[in-house]
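Take a look at these structures.
In what follows, chain A forms one complex with chain B and a second complex with chain C.
Right, the complex of A and B next:
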């Protein structure tokens, strides 16, 4: 116990001093304005078309989706998605709530649910992929291990630091997105209701349990889910970082896995056992918003279990390898 | 080193706070997804505010809402305009006012049975309530049992195959029920928006060039239009725009390749008639 806290402190200072965390903040500061601008332009355009009346816009969205339901060229799974989508939009209309009310909070919510599979994991990897292999690339690992500290303690301190920064990254992503998009769309909207609790059975939506949640609470719940996904990605990237000698290779491995995940979610509905892969289960926020899962039989408990098992396995492997293997050369 | 001490203090404190916050959110999320509890949302009771549609300023602008089947949507028109957008263009040319299309709520294959519940949806009611002119096209699918079937009939090799697909006698069978529903639709539209000008686009017979279907088709269509007129004539600001004569001997000119929906020129003709009726 004596030596763990100083080690964590040491690792934290290393990450800050190596400017890894600043790079992440910088990426956010550059990319979020770009997305905000794009969103602003498209919002302007639709507002022009529908004379600023969101009810007309939502109604047209419903009609367009209903029209595509009749087409034979639309695959059955898409039809199911759209049918559910139509019922949800209808629910918003019935309760006189604008699902796309333009404000900073709504933008943050939308942005976060879109970035949970790729963007946030990418930011996490900027730290996670480097945390062990970086020391091997530069050779500083020797200095670290020649000290009279158990190896598992060294690795554990790195892991704890990584998790600390994971939380920091998730929160800063939320804060930066809100602050920047709020400058354009306004900072209000924390108390707007968002509907959640859509129970999907087959292609129908059970509305019995639907309830409105104020947007701030929704953001909080979303943050929790993003955080869990980030921890899983961090653990796996951590494992890869232990296994692979170079940082570049370690990033490439994780990136490939994540991109494979996004491709698979788009086309794997026929391949049922793909649901046991971690990268297919990253979109936890979908369970909150009521978007149907990409593969039949997936639900929140299932996804959480899959992610936890992958993360635990990753951690176990990293500790076994790190303590047993001859790291020094 | 002093700066290291501060880095450590700040980073550790902030990250602990962040972690606790996210953990709370995570627990909330799990609870909410696993055991969602419906609650009465207060916003339901909020009355729908009238956004000043009837103010004097609005007179400068004509708002059009379109509802109904594939004809309303504009299926068959390569430019995608349909009679909806073409009417908008015609009207703004004629009146010099600003004419806007609020929504085109046309859905392919919609029948009178499908339209009636739609009129009770809040979004539809909102759109219709805002409109100064409501264009309605419905009934073609009731009568001809969907464009799909019609297309099959056309692509059939012989005229006997067509006869099997669509028995001429069947054309008249569904008529009474469908025309009662049409009456209900028109009355409901009137009730939803007492001030709007309602234009019903009459039916034409797309099978006028098929031997077996020509006469029964004509009969069915004209008796349909007749029953529609019976309701429409009762109201002051309601019209039926006839299209039967337009298409009767011009099927090859005005029908699109699916031989059921009008093409761009056909829609243009309908739009011009609608505009004439409104002036």
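Right, the complex of A and C next:
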């Protein structure tokens, strides 16, 4: 009987020797400075405009948004979003907290919250889409499955390795973003308060449950949610990788699903049952910051449940198919 | 006495395949395959392309599950007790596909981790056996086809198997490589290993194998010792006679001689190409040749040549598959 550990070691070696993980780190190391630079420029501009007074800046944002509420050309959906946004900004203003304080920690928080639906999943797919279909494309699956090892063990070792690397990607994304943006905006900001707990009903924001948490704590909560979303995406990409023979097709299928998700998020509020699709439930961090959910009736618990069910179903299908299937080529 | 002999034989059986059938989609790819492979023998699996050789091999190593029938390796069911059965099997299915971004050594380490009881020492042993020690620490993508083939054999030997399965092992090798491989396989078999070799090349099987199973269209047509199968095959004699027509008639009138009108259905192309225009192909026993010659001469027919055809597996094969292509 072969234990799982040597198999996991094998899979880890293959991912590292294939240089997949280095490519992911390289992408982060190239893209994060670009985003940091863009953020720096926009911060410079607002500083010039408002002479460094953030209250004026927030006030201006509130006025801009309120003005647009009167316009007929703005769709009702957007008006709802803006009303909520205005109330949140007002709350920050009332409590004398700058929501856009430029520092490494705030940048990391913003960046991760923007990366959760597409960027991080894309990095994960670089590994997940290839992990099974890659062996089929090259034919090495035959070598792998003619060993005296049960098929479910082979697949489980791949899944464990994938989850390890997924976690590593999430941690690397946080660390790289913080280190690079910190070099520009400063490494402080862990103890700044961030408000969370906005309850949204219709277009009103219930402020009763709102409380400030230090940013480091917020970052931890956010990290947990990003990690959860990442594992879900990894599980689904894993399933596609089992079902589809070619790595390219496997990436395309997952990309299509994720992009469909971002499009649907922007237009599906009228189609209520779309909330059961995994790809519109990926923006878990929005529940933390108080951005309204794309479809009525969605909340953190709901989204976590939907994602869990999708991930679990994906894994069950993966194992059923992989252990039963004839390897014909 | 015969009973104990039989029992002893069944203990030697390393691989037994019993009435295996496989349906893929709506088509029966394998209709009925039965054979045994014994310890220390080189067993040939011969059939035209598309006959079901690779499908059968995939079933032997649990890549495909048979629709019905049983496959046992050293007494363990391959499809139900794969962890036990596959310990005794080393295989190369189709091409030896290894990880090209790893070195040869790293590949062997990878497969050794999946095989109980294989350590660094064993890896070094198989590297020495296949004589790959010069390049073993280079990336596999820099290897030639022959070297990949050898690395494939090295990984197959890692777990000290009792059964080695090689699917068309001479594909892509040059004549020198083929000769070396043949020598190498014989050495392995002398060490007690059962070697299962598939091929569509009749000469290859005849040169290498002790026993052979002939498969066509998903059915095993014959299993037996290569020598026996060949010996049981009808013998042919080519007569060069003048005048042609009269000679032919005289021949066909004799007992125990059958004149073959369509020679290409039973003989190799190379033999047919060497035949003269006046040639007559006859199926007959060797012992009859002398008396037939004198009879023909007495009948006023001049015998310009008598050519005995040494029986080959190819003739047998052609007869069995009735002219199906064997390219």
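One rule holds in what follows: the second predicted complex is superposed on the first by the 326 of 329 C-alpha atoms of A that agree within 3 Å, B and C clash if a C-alpha of one lies under 4 Å from a C-alpha of the other, contacts with A are read in each partner's own complex, and residues count from 1 in each chain.
Quick note on the criterion: contacts are C-beta pairs under 8 Å (C-beta built on N, C-alpha and C of every residue); 3 or more make two chains touch, one makes a residue touch a chain.
The structure presented is a predicted model; accordingly, all values stated were derived computationally and were not measured.
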Worksheet item: Where does A:56 make contact in the superposed view: on chain B (first), on chain C (second), on both, or on neither?
Response: first
Worksheet item: In the superposed arrangement, does A:168 touch chain B (first), chain C (second), both or neither?
Response: first
Discussion item. Is A:13 touching anything from chain B or chain C once the two structures are fitted on A? First, second, both or neither.
Written reply: both
Worksheet item: Touching A:138, do we find chain B (first), chain C (second), both, or neither?
Response: second
Worksheet entry | Greater residue coverage of chain A in the superposed arrangement, chain B or chain C | B
Worksheet item: Is A:147 touching the first partner chain B, the second partner chain C, both, or neither of them?
Response: second
Item to complete: Please indicate which partner A:193 is in contact with in the superposed arrangement: first for chain B, second for chain C, both, or neither.
Response: first
Worksheet, complete the sentence: The intersection of the chain A residues contacting chain B with those contacting chain C is 9, 13, 17
Worksheet entry | Residues of chain A defined as touching chain C within the complex | 1-2, 6-7, 9-10, 13-14, 17-18, 138-140, 142-150, 324, 326-328
Practice prompt. Please name which positions on chain C make contact with chain A in the complex.
Written response: 24, 58, 61-65, 82-87, 89, 91, 93-95, 97-102, 106, 110-111, 113-116, 155, 159
Discussion item. Using the touch definition from the top, list the residues of chain B that touch chain A in their complex.
Written reply: 4, 7-8, 11-12, 14-16, 18-19, 21-30, 32-34, 36-39, 41, 43-44, 46, 48, 51, 73, 100, 102-109, 121-124, 126-127, 130
Worksheet, complete the sentence: Per the touch rule above, chain A residues touching chain B in the complex are 8-9, 12-13, 16-17, 51, 53, 55-56, 58-60, 62-63, 66-67, 70-71, 90, 93-97, 163-165, 167-168, 170-171, 193, 196-197, 199, 208-213, 217, 219-228, 284, 287-288, 300-301, 304
